[in-house]
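Pasting in a structure now, in structure tokens, and then I'll have a few things to ask.
The first chain written gets the first letter, and so on, giving A, B, C and D; residue counts start at 1 in each chain.
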Amino acid sequence: MPASKVSAVAASALAARYAAVRDRTVALTEPLSAEDCCVQSMPDASPAKWHLGHTTWFFETFILERHENGFKPFAEAFRILFNSYYNGIGEKHPRPQRGLLTRPSLSRVLDYRRNVDARMERLLSHAAPAAVRELTVLGLNHEQQHQELILTDIKHLFSLNPLQPAYVDAAIEDSATPAALAWHDFDGGVAAIGHAGEGFRYDNETPRHQVLLAPYQLASRLVTNGEYRDFIAAGGYADPRFWLADGWDWLAAQGRRQPCYWREGASGAAEFTLHGAVPLDPHRPVVHVCYYEADAFARWAGARLPTEAEWEHAAAPQPIGGHFSDSRQFHPSATSAAGLAQLYGDAWEWTQSSYAPYPGFRPADGVVGEYNAKFMVNQYVLRGGSCATPADHMRASYRNFFPAAACWQFSGIRLARDLMGRG
Amino acid sequence: MPASKVSAVAASALAARYAAVRDRTVALTEPLSAEDCCVQSMPDASPAKWHLGHTTWFFETFILERHENGFKPFAEAFRILFNSYYNGIGEKHPRPQRGLLTRPSLSRVLDYRRNVDARMERLLSHAAPAAVRELTVLGLNHEQQHQELILTDIKHLFSLNPLQPAYVDAAIEDSATPAALAWHDFDGGVAAIGHAGEGFRYDNETPRHQVLLAPYQLASRLVTNGEYRDFIAAGGYADPRFWLADGWDWLAAQGRRQPCYWREGASGAAEFTLHGAVPLDPHRPVVHVCYYEADAFARWAGARLPTEAEWEHAAAPQPIGGHFSDSRQFHPSATSAAGLAQLYGDAWEWTQSSYAPYPGFRPADGVVGEYNAKFMVNQYVLRGGSCATPADHMRASYRNFFPAAACWQFSGIRLARDLMGRG
Amino acid sequence: MPASKVSAVAASALAARYAAVRDRTVALTEPLSAEDCCVQSMPDASPAKWHLGHTTWFFETFILERHENGFKPFAEAFRILFNSYYNGIGEKHPRPQRGLLTRPSLSRVLDYRRNVDARMERLLSHAAPAAVRELTVLGLNHEQQHQELILTDIKHLFSLNPLQPAYVDAAIEDSATPAALAWHDFDGGVAAIGHAGEGFRYDNETPRHQVLLAPYQLASRLVTNGEYRDFIAAGGYADPRFWLADGWDWLAAQGRRQPCYWREGASGAAEFTLHGAVPLDPHRPVVHVCYYEADAFARWAGARLPTEAEWEHAAAPQPIGGHFSDSRQFHPSATSAAGLAQLYGDAWEWTQSSYAPYPGFRPADGVVGEYNAKFMVNQYVLRGGSCATPADHMRASYRNFFPAAACWQFSGIRLARDLMGRG
Amino acid sequence: MPASKVSAVAASALAARYAAVRDRTVALTEPLSAEDCCVQSMPDASPAKWHLGHTTWFFETFILERHENGFKPFAEAFRILFNSYYNGIGEKHPRPQRGLLTRPSLSRVLDYRRNVDARMERLLSHAAPAAVRELTVLGLNHEQQHQELILTDIKHLFSLNPLQPAYVDAAIEDSATPAALAWHDFDGGVAAIGHAGEGFRYDNETPRHQVLLAPYQLASRLVTNGEYRDFIAAGGYADPRFWLADGWDWLAAQGRRQPCYWREGASGAAEFTLHGAVPLDPHRPVVHVCYYEADAFARWAGARLPTEAEWEHAAAPQPIGGHFSDSRQFHPSATSAAGLAQLYGDAWEWTQSSYAPYPGFRPADGVVGEYNAKFMVNQYVLRGGSCATPADHMRASYRNFFPAAACWQFSGIRLARDLMGRG
């Protein structure tokens, strides 16, 4: 676990935050039936019920078990059922079989949550030791990550249902007309990236360190559906020159001709969203593209994906605002804002950076050290958060990561270019 | 559909039978939550909700659509969702994805059942044409097959849950001590098999025809767990001499060392049942063995599996009694009965007969002709019904069939031998 | 091993036959390079070099090891490398890796053959015991089976080579115009099938036993390419009504739209043969169809495949003549013969009979008992031999068998029909 | 193609170099039979015959076709058969089926080589344009890469043969005793990496650019078999703390407990080499470890893998000497040299750097632009060359790359550490 400095957070503030985050998770499952919460649509995705149980298991295992007097687990079996990948903790239920767990029922898992919440409240109500406070903050950040996964995993499940159900009934708001794409110049030079200061951060954001950047340009906003449709219309999916070799093989194996949630509807192109299937809006950012698609689009557009250092250097001075999950509109919007827009929220932005340790990186001690470090291979970094991310979960140094073929996240594209003759 | 003679059945009797069979299906799902009913544990098995919908679709599609005035489907989408394999009917939802259908909800599928039941009642209440009556009888037999699958499919799902849930809370009754295994002689000669008479039968039981049987012996009862354990203890799973080549490969690929629902428990050998995990009872019939295991056991025992003609010739004179699903004890019992016992109920009996058309066989006309004929390859015939079969669904000429590797049905072993020097 | 009666064969005749069969095998590989002999094109097929070694291993292991004074194996490693599937003999090299054996070289395997042949000659030159004579006859029949496989396996390998090489340079002779298809009637009744008399037979042809046949008709000749092309043109590959369910899935998985060696050539339809790619000749028998295709064609034609008993009952009275591999034209010809033609040679004829033990069947004692019995599941019987079979290897009771999806053998179609109102 | 400056190379020198490199390739196949040269042991590896043809195809396609008067291909079919991955060139034979090409024969491919060599000689004999000279140099470097693959691919093939054949009969020389492992310090700061100067380089080595390095240490030599055995003995393959999550899954899937060419011999631990199976020598460098194994070892040793920039910064000042394939001992040796040893030759050194474009990278124009850029995903960089690399093929800026699970190359481990409190 990161040695974050959370001592400044008053006990009552932490308890309040605990309650707010935990309630938010349950609120996200309210549009769902017990059946919706139980099924697993692919090995990469987990049932909502499992997310509800696993986030609870995290608090019970890493905090209550060590710091509660007379600790007794709520249910012995849950210790294995809701362990995700912490090999150091012992046995775990196989990931691809999470969807077979019709028992425990959703209602029993909600009991589990209430039980652990009551015990956590007690623990947080009197002066909790720093270790408890720090682990609680970690647990809440962990839970926020699963809030996002609840949304993306249910979207994947519903996308495979011929009824194409909507997660929320509310219609998507009309979209703004995006500003024309402009290029913002950065001089490069020695820059510092990584987390600085007092607030919470994951271990993978540290240590803050210096990097050397060549002069570069970043696009002013995300690539839109309309721009991506132009790429398709220009034969982008049929021309190997634009594709990484692995991506070209992936295209062939999947028979993919467009982003995974685009649909051919009776009345024209449509897009499957958490608000149901809607006409494809050319103004909104393209999302659910994988790394191969993002990279191919960039190549076709005569540009490239940014590195994560370029992105962070540009984003760090900007205020963290944008379209996050708090809006309860679970689909990205177009922006007409001028300047360097949409850096935060709307869509995770693929970078060309392989997920790797920062120079001098040390994983957190103990089993929570399994949180990040062991995934540092064959994954690519995404930055900025999405419309499924809680706003207070985001920061400039935040590193998300997924394999190159992953497309069930709200992942989009911001272009970059080398800036010649400068620097 | 078979040109069965159901005209004798009075309209009111048919309506009553319709209601009874349909109610029984719903009753079988009462111990299950909506979550239990939604999940698919493997491509071969279907969710209980799907069984509930598909059996209803059968009546709506094959009867109401053709015979109801002003027919309108309950829900257009269900026509694809609940089509199983009738290629002649049009598109169908892919079998391995039946478990992704969290929508429609269980409650909506129960609405579907009620709606179709009310319409079927109306149709059956006045003098329905022969075609309706015949298709109704077929639909009810079809539904009874799915009643059995509801039980075997939920058993498979629960078997994969680390909580090892019980389908019913009631304990299994104590088992009798089985009579010693005896051999019953049959002279062979020309015999007739296949369905005769007026009642319902599937097309695959016809035409009744003559076969030539060599003299043979049948064991007096099913092979027990204890006898099967002796086979294992004697190294049966490690000696290729007992196994068909395909079976030997299957063993290796599965890492199988015992029947699929046997368990090593903390307090000795156990068996997973619909009543939960129970100590392995050496007296009860061994069940959930596949064809390869049944054949290997027989070879080890110096015997063989019967042909389906041998079985039917022996079983036809016997009254159809035994331990069926009506008992609500969903696991086979030992029998202390003398004579040729357990032919019906308790466990389906593997025969050595490949599932093939009888000489002169003609499939039923129309799409219901897809019911049986197209499965006549790479499957083996089982006879007699099981503890999961409704009693009034069974008859001597009934032909069940599964691939050689299938073990999630209540399939057991009755031995046969050649009877030399006679005939 | 079958308890065949070979005592009448004079020692010198046996030695001569040994030499003839063994030489024939090597002669079959003469058009092939060492490279051609080394490669394995799929797990079902074996390299010619492996066939050369394995047939030699058979004599060394089952005869020399038991009957040669001072036996010492030619090479210890060959005992594992060239064991095919005899689990009773010990370890074996994995079947799918036979093509990795670039060592031993072809020339070393030919040395092995010469060495074993010299030792066998010595053994056969003086009065060999009956066991040796019987096993030698079995070994020669075994070798003849592998002669056929050498041809079909090299055909499969060459079919995958973009150069489409010919195994023999000689052109195929012009084809006769086939007689119109006629139906031959058989009254049915009790008939005897299985091997009778003194000559060699495999254990699976025994015991000769009585079967009861309903009246039936057999087509006068094999189905032709032209007739099969009509089936395709009529949409046969796109209409599920003609296909077994497994076959329909197989079609989809393979993307198959025509028999596996048919080609679209620049100048029209072509067929890949051992004489190279040639224009598709509508008069020749269709070959390399699998069971699913044979069955679907028959259904489309309003007919069915014969049972093996029907086939043998019709074929037994006929002289064993026809187009065998001795002709060195390795592709079936059309026949203009009247009567029940082409029963032997040209193409193996799929029957609808699952490969199963005859009533009263007992496998041969010892490891050669693994020869046949253990394959009696999930395979279908073919009868009559093909243009790749040695003429003196064939007889009416001969049972060949392959899985339903196999199409790399010279397998064709003879139609049958029920004969109603007779018998 | 890289815009390399090869104009200084005199025409005669280039022709001589062409002859030398081309001859060397054929010489490498001399210990091999035609059978050895034909077989493909896995999709990642290619037959030696294919390497011989493909390197020739490169010259014919990229040089002769564009620059030879009256160009006519040696054989039309070879244009597809020997295309590797150049999608821009048109169709290509599927990679996993390269081993099915028993035709063309080895002897015909050698004819192809002689034919192209004669034509290339003519082209190079008079003043060839710069484009020809540059492409020729590229083609020779390409050929040297395939020389290395000929060795590693035949090693893989032979490793799967139960006879464990040796590629060369000559015994491996006795090994020196390695010097104790020491750490060499580097101050870090801004450094330049990438190719500088006039000689040949691939496009992926450019542009030369500045990087910022933190202070670090490099181990003085490669990790030895003995050191790696200590890791295994300490339970390294059973402890998830040392492994990347993907690596841990890979271990389980492969059942891997030691490097892929280590063997349990009758007389103790052995290692399969191109000189046959030899006793495991604790002094020699460990080779044929994949990235996961290299990374896990480093973690266990309290160190890490170097970045490619760290490696190049340390290696660039060193002379390029070491144990290369020119020695004809095709296995790495221990070194007793003091200082920073074994940077070049012996074994490719895994770095922790994902294979990515350098800042400002531009692929070569035209189809040879497919040479490198499109592989820049999911691969890791290796540096320094191995005992299978030609000495004159190596340089400090050379970037080799393989997926994390690849272990059939001569890949080894050099450790690195952060240097704290300096810089």
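Assume contacts are C-beta pairs under 8 Å (C-beta built on N, C-alpha and C of every residue); 3 or more make two chains touch, one makes a residue touch a chain.
Small disclaimer: the values here were computed from a predicted structure and weren't measured.
Peer 1: If you apply the touch rule, which chains end up adjacent to both chain C and chain D?
Peer 2: Chains touching both chain C and chain D: none.
Peer 1: Distance between chain B and chain C based on Cα centroids, please, to the nearest Å.
Peer 2: Distance between chain centres, rounded to whole Å: 37 Å.
Peer 1: At what distance in angstrom does the C-alpha mean of chain B lie from that of chain A?
Peer 2: Chain centres of chain A and chain B, defined by C-alpha means, are spaced 47 Å apart.
Peer 1: Measure off the straight-line distance from the CA centroid of chain A to the CA centroid of chain C, and report it in whole Å.
Peer 2: Centre separation, chain A to chain C: 59 Å.
Peer 1: Can you list the chain C residues in contact with two or more other chains?
Peer 2: As it turns out, chain C has no residue touching two or more other chains.
Peer 1: Taking the top-of-page definition of touch, could you list the pairs of chains it picks out?
Peer 2: Once each pair is checked, the touching ones are A-B, A-D, B-C, C-D.
Peer 1: Show me the residue ranges of chain C that touch chain B in the complex, using the header's touch definition.
Peer 2: Those residues of chain C that touch chain B are 85, 87-88, 190, 209-212, 214, 240-241, 243-248, 291-292, 295, 304, 352-354, 356-357, 359-360, 374-378, 404, 418.
Peer 1: How about chain D: which of its residues touch chain C in the complex?
Peer 2: Residue positions touching the partner: 33-39, 41, 77, 80-81, 93, 97, 99-106, 157-158, 160-163, 165.
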